[in-house]
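Below is a structure I'd like to ask you about.
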Amino acid sequence: MHLGMIGLGRMGGNMAERLRRGGHTVVGYERHPGKRDVDSLEELVERLEHPRVAWVMVPAGGPTRETIHRLGELLEPGDIVIDGGNSHYVEDQKHGAELAAKGIGFVDVGVSGGVWGLQNGYALMVGGADEYVAQLMPIFETLKPEGDYGFVHAGAAGAGHFVKMVHNGIEYGMMQAFGEGYELIAASDLVTNVPDTFRSWKEGTVIRSWLLDLMVRALDEDPELSEIRGFAQDSGEGRWTVQAAVDHAVPMPTISAALFARFASRQDDSPAMKVVAALRNQFGGHAVESAKGADSPGADVTPPQT
Amino acid sequence: MHLGMIGLGRMGGNMAERLRRGGHTVVGYERHPGKRDVDSLEELVERLEHPRVAWVMVPAGGPTRETIHRLGELLEPGDIVIDGGNSHYVEDQKHGAELAAKGIGFVDVGVSGGVWGLQNGYALMVGGADEYVAQLMPIFETLKPEGDYGFVHAGAAGAGHFVKMVHNGIEYGMMQAFGEGYELIAASDLVTNVPDTFRSWKEGTVIRSWLLDLMVRALDEDPELSEIRGFAQDSGEGRWTVQAAVDHAVPMPTISAALFARFASRQDDSPAMKVVAALRNQFGGHAVESAKGADSPGADVTPPQT
Amino acid sequence: MHLGMIGLGRMGGNMAERLRRGGHTVVGYERHPGKRDVDSLEELVERLEHPRVAWVMVPAGGPTRETIHRLGELLEPGDIVIDGGNSHYVEDQKHGAELAAKGIGFVDVGVSGGVWGLQNGYALMVGGADEYVAQLMPIFETLKPEGDYGFVHAGAAGAGHFVKMVHNGIEYGMMQAFGEGYELIAASDLVTNVPDTFRSWKEGTVIRSWLLDLMVRALDEDPELSEIRGFAQDSGEGRWTVQAAVDHAVPMPTISAALFARFASRQDDSPAMKVVAALRNQFGGHAVESAKGADSPGADVTPPQT
Amino acid sequence: MHLGMIGLGRMGGNMAERLRRGGHTVVGYERHPGKRDVDSLEELVERLEHPRVAWVMVPAGGPTRETIHRLGELLEPGDIVIDGGNSHYVEDQKHGAELAAKGIGFVDVGVSGGVWGLQNGYALMVGGADEYVAQLMPIFETLKPEGDYGFVHAGAAGAGHFVKMVHNGIEYGMMQAFGEGYELIAASDLVTNVPDTFRSWKEGTVIRSWLLDLMVRALDEDPELSEIRGFAQDSGEGRWTVQAAVDHAVPMPTISAALFARFASRQDDSPAMKVVAALRNQFGGHAVESAKGADSPGADVTPPQT
């Protein structure tokens, strides 16, 4: 097939490359000259065959919104816009409606695969109308991993990014569970062989998983994780998952706890814990430091009598 | 009444003082000379009238255990031992049984009141057999605050410390809720008058409480809590509350979250978050830093494509 | 002062009444005839003195949005619209901007006080520009409780509802902490006197509070809460607090846990726990039921070997 | 090697079978006649070669304690007792010390593998002194899965059960994360193809794992999990993990949330939520049901003014 790829960063560039290797014709555009095949969205649209297919692979939010809006002005009924970035599913629904009003198709694709995607394929989670998804299947077949998995048409417009968002939410919970388990093991004097413990779990256990494999690799490189700071960014998807859960009245204690742990990891000092400390000061007075309730040398482990 | 007070620290000493002011005869003992009236437990026991009453006010754990054991050797059937420290309720049950085997009564008292107790009275939560508690009522009447509240005979031996433990668990949850609310308000540009906001809540609101009063006091002294580090100790009771909940299959998400926030506040770096960061490094590769998925200047807010 | 009150439900009606008792002139309007003084917003606007003050007390969302928009069409520069409902603070910011473009003032007021407000006054949390808030002080003075508390001008437009929202979030955490503490006490055989335990806490303890007072009242009416179903609605504010925390990267484990507990309380069956049960079935096979790992009668309490 | 297997339930019986297929000589005993090779522990001990090896595979707690104590009486210095059940690591430390005082070795083994272990091997997590573990390696080699993984000597006595316990804690967190993700997807109208979504994740995603594979199997059998009740038991290990975290001051928000969700799933009604509902009744009065704050039909979604 022919398609335009807008955004040639690591993800967009590699996906264009995988598509070309698969026999597709890709016209690439990005803002900066260099790798791009055309110098403007207008030119890209002119170069595409009918019905035109434009894959948008730019940052979520403003850049995606503006690109899709501009494509809506340039394209014609029957053409299709794909949003393969990290958009929020509610944005997809707006974009889908905006384009549908002009007869232009919209398909959203949540993409997983990172730096290995070029070689191994990308897991694709797709939302959109059946007719458009069917039309795009040759592209998806090339991008996805070989084998039976790694592709789903999850539902209408927005569904692709929705399930990708939830995938990432689950990922947050799993990573945090590994983190908590590691911390408890590391805190115990009892376990003298931490990396081998995790390595042993790669077979015959309930928790065997790709994340466990990555963890073993990380411990092989740095057995006490001494080179790594306990500081974790969060991406939009984790936040969106929790907010979507709140919107849908879905209890989400584990994934939210994982998100909050990331927030806390980035704080130099916690305002909430300042309050807790201040309150302890208030009701304990200097007693917090000196009240013993007893004359014993062991008194320093005794909590204040509150 | 006559009673012996063992442990003359801030709590024990003040309680002895309040009892004396109330007309009771108190024989005080502690390990270090100075404030003590007698030089040994043996002498204390000799000085008491029958049936003897010995109030133990030493640190929980070893010191309490040893003191009660020694009293069991010195006292006679009909005498009563009171544990007014911070013992775990399971310890109370053991001590009660150990003393009961010798015909000696045992009563546990959870005490709240801190530095204001001498003047305002101590809230008392009492566990033990009806007959012993009835015998001790004159003491409890003097120690408790005036008015209708501040005293409960909650149940058998251990019940006093059990409900005091739960009181403290609830306190953890409440303090953390105030902390989280404060942090959100402080994080918002919208609210320019934080101390007055909390002050205004002292009347007409659902959350009016002594802890809110303390918080207003803390903000009066230090409106941005800039002098206070977000570092909060935890006492045994918070941990015991969560562990008792687990033992009783009681869901306790809020109080446990408050406890875990205290643990985290004391960590320089979080081993769990090292794992999360290490895993992000593993699947993102250098991509975590540089992968944009797009050519836009906004790319730095884009999560890695995972 | 003169003012229009739009929405004469329990809150709006009682507030109008308290204002009249305080000497203000109130023109009331609501959709349904009966209690209303005028038959339309147009008539209400005509009846007010310059500069006009219109207090909107209708449901958040659509009704508030439409009412404010219509007032924007009817009012003139220098007039003031107050939103005293439960609007989201982001809506306030939009409304403030929309009205400011026409020279009309906007003030948002978070109101606490429920059914006792008519008699005891309402706690008011106010957002808006200084000039408008100053103009409205006579109204606020009448509505608020007597004494030094119960009123705050928290910041610009939106700040009033923002701090009211956080107030409710804190309330969620406190209520849940009491609930968890109660449940643990009720689960223990040790405590035979639950209502008296809570009653005793009304004095001399750290957790004394209005919520504790209410809890004692509830236990007086129904000592085992046997007439009450463990089913708790949530209001918008709890959800918004958690979502605002996520937006501001504020860790909020306790308040979110309280919110999720409410969500869960309303479920007949939990889809998440279906998954957990299904997974246990998958890895345990029928073994979940029958695998003992041993020949002992105690085997039924043994977890499957996973 | 020769060894005695005490406890011939599904786990012990299958392990004995796998050992025999691997060329070892196993003397089996259990309380009930039928499958057992000897009629008493005494006879079992007599039948074993020196140094004797006795693998205990009976329920944790009393049965294990009694069996190990009895073996301590029957065995001789140089013999080895293995606890392959689900004992708490603190029990292991006591058993190890008790046997060490008699010169008898003790090794604890956390075993994973369930019903597939006979065929695929069991993941083994081992604690104990080097000399004893070294002696037992032929047994472990036969029991473990083929390949490089599935066995670790994690540390001294207790370390085997400790890391197995943590493994199960991580498992709780992972399962709950999948559950929460599933629930959110199921709650959304957007996703019309839930089973295929999970199936697609088996390749190219971050969350690919054995648990995901099991989940796909469960959804294949019952696409809406309509035959499964959201009711999840918990095993000792989940509780112990949380309690060990509290003992070690390790924050464990995710795994504890997963544990509490299981507790809650088994409640007909939640006492904690009764309190929340009762408090809402108290401050809202009948207002909870009827207070609208407005005259609008949308009022039923408006929270009470609290």
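In this document, chain identifiers A, B, C and D correspond to the written order of the chains, with residue numbering beginning at 1 in each.
Operating definition for what follows: a residue touches a chain if its C-beta (ideal position, glycine included) is under 8 Å from a C-beta of that chain, and two chains touch if they have at least 3 such contacts.
This structure is a prediction, so every number in the text was calculated from the model and none was measured.
S.K.: Suppose you list every residue number at the chain A-chain C interface; are over half of them used by both chains (same) or under half (different)?
M.R.: Chain A vs chain C: same; shared/all numbers exceeds half.
S.K.: Find the chain most remote from chain A, comparing centres computed as mean CA coordinates.
M.R.: Of all chains, B has its centre farthest from that of chain A.
S.K.: Tell me the angle, as a multiple of 5 degrees, of the rotation that maps chain C onto chain D over the C-alpha atoms.
M.R.: So the copies are related by a turn of 180 degrees.
S.K.: So how far apart, in whole Å, are chain A and chain B when each is placed at the average of its C-alpha atoms?
M.R.: Going by mean C-alpha positions, chain A sits 42 Å from chain B.
S.K.: Chain A to chain D: how many Å between their CA centres?
M.R.: Each chain's C-alpha centroid was found; their separation is 30 Å.
S.K.: Chain B: which residues touch two or more other chains?
M.R.: 112-113, 117, 168, 171, 176, 178, 180, 183, 187, 206, 211, 234, 249-253, 257, 260-261, 264, 267, 270, 272, 283, 306
S.K.: Along chain A, where are the residues that touch chain D in the complex?
M.R.: Of all residues in chain A, those touching chain D are 89, 112-113, 117, 120-125, 127, 144-145, 147-156, 158-159, 162-163, 166-174, 176-178, 180-181, 183-185, 187-188, 190-193, 196-197, 199-212, 241, 244-245, 248-255, 257-258, 260-261.
S.K.: Flag every residue of chain B that touches chain D in the complex, lowest number first.
M.R.: Checking each residue of chain B against chain D gives 206, 234, 239, 242-243, 246-247, 249-253, 256-257, 259-261, 263-264, 266-267, 270, 272, 283, 306.
S.K.: Using the touch rule from the top, collect the residues of chain A that touch chain B in their complex.
M.R.: Within the complex, chain A touches chain B at residues 7-12, 30-32, 57-63, 85-86, 111-115, 117, 168, 171, 175-176, 178-180, 182-183, 186-187, 211, 214-215, 217-218, 222, 225, 228-237, 253, 257, 261-262, 264-265, 267, 269-285, 287-288, 290-296, 298-299, 301-306.
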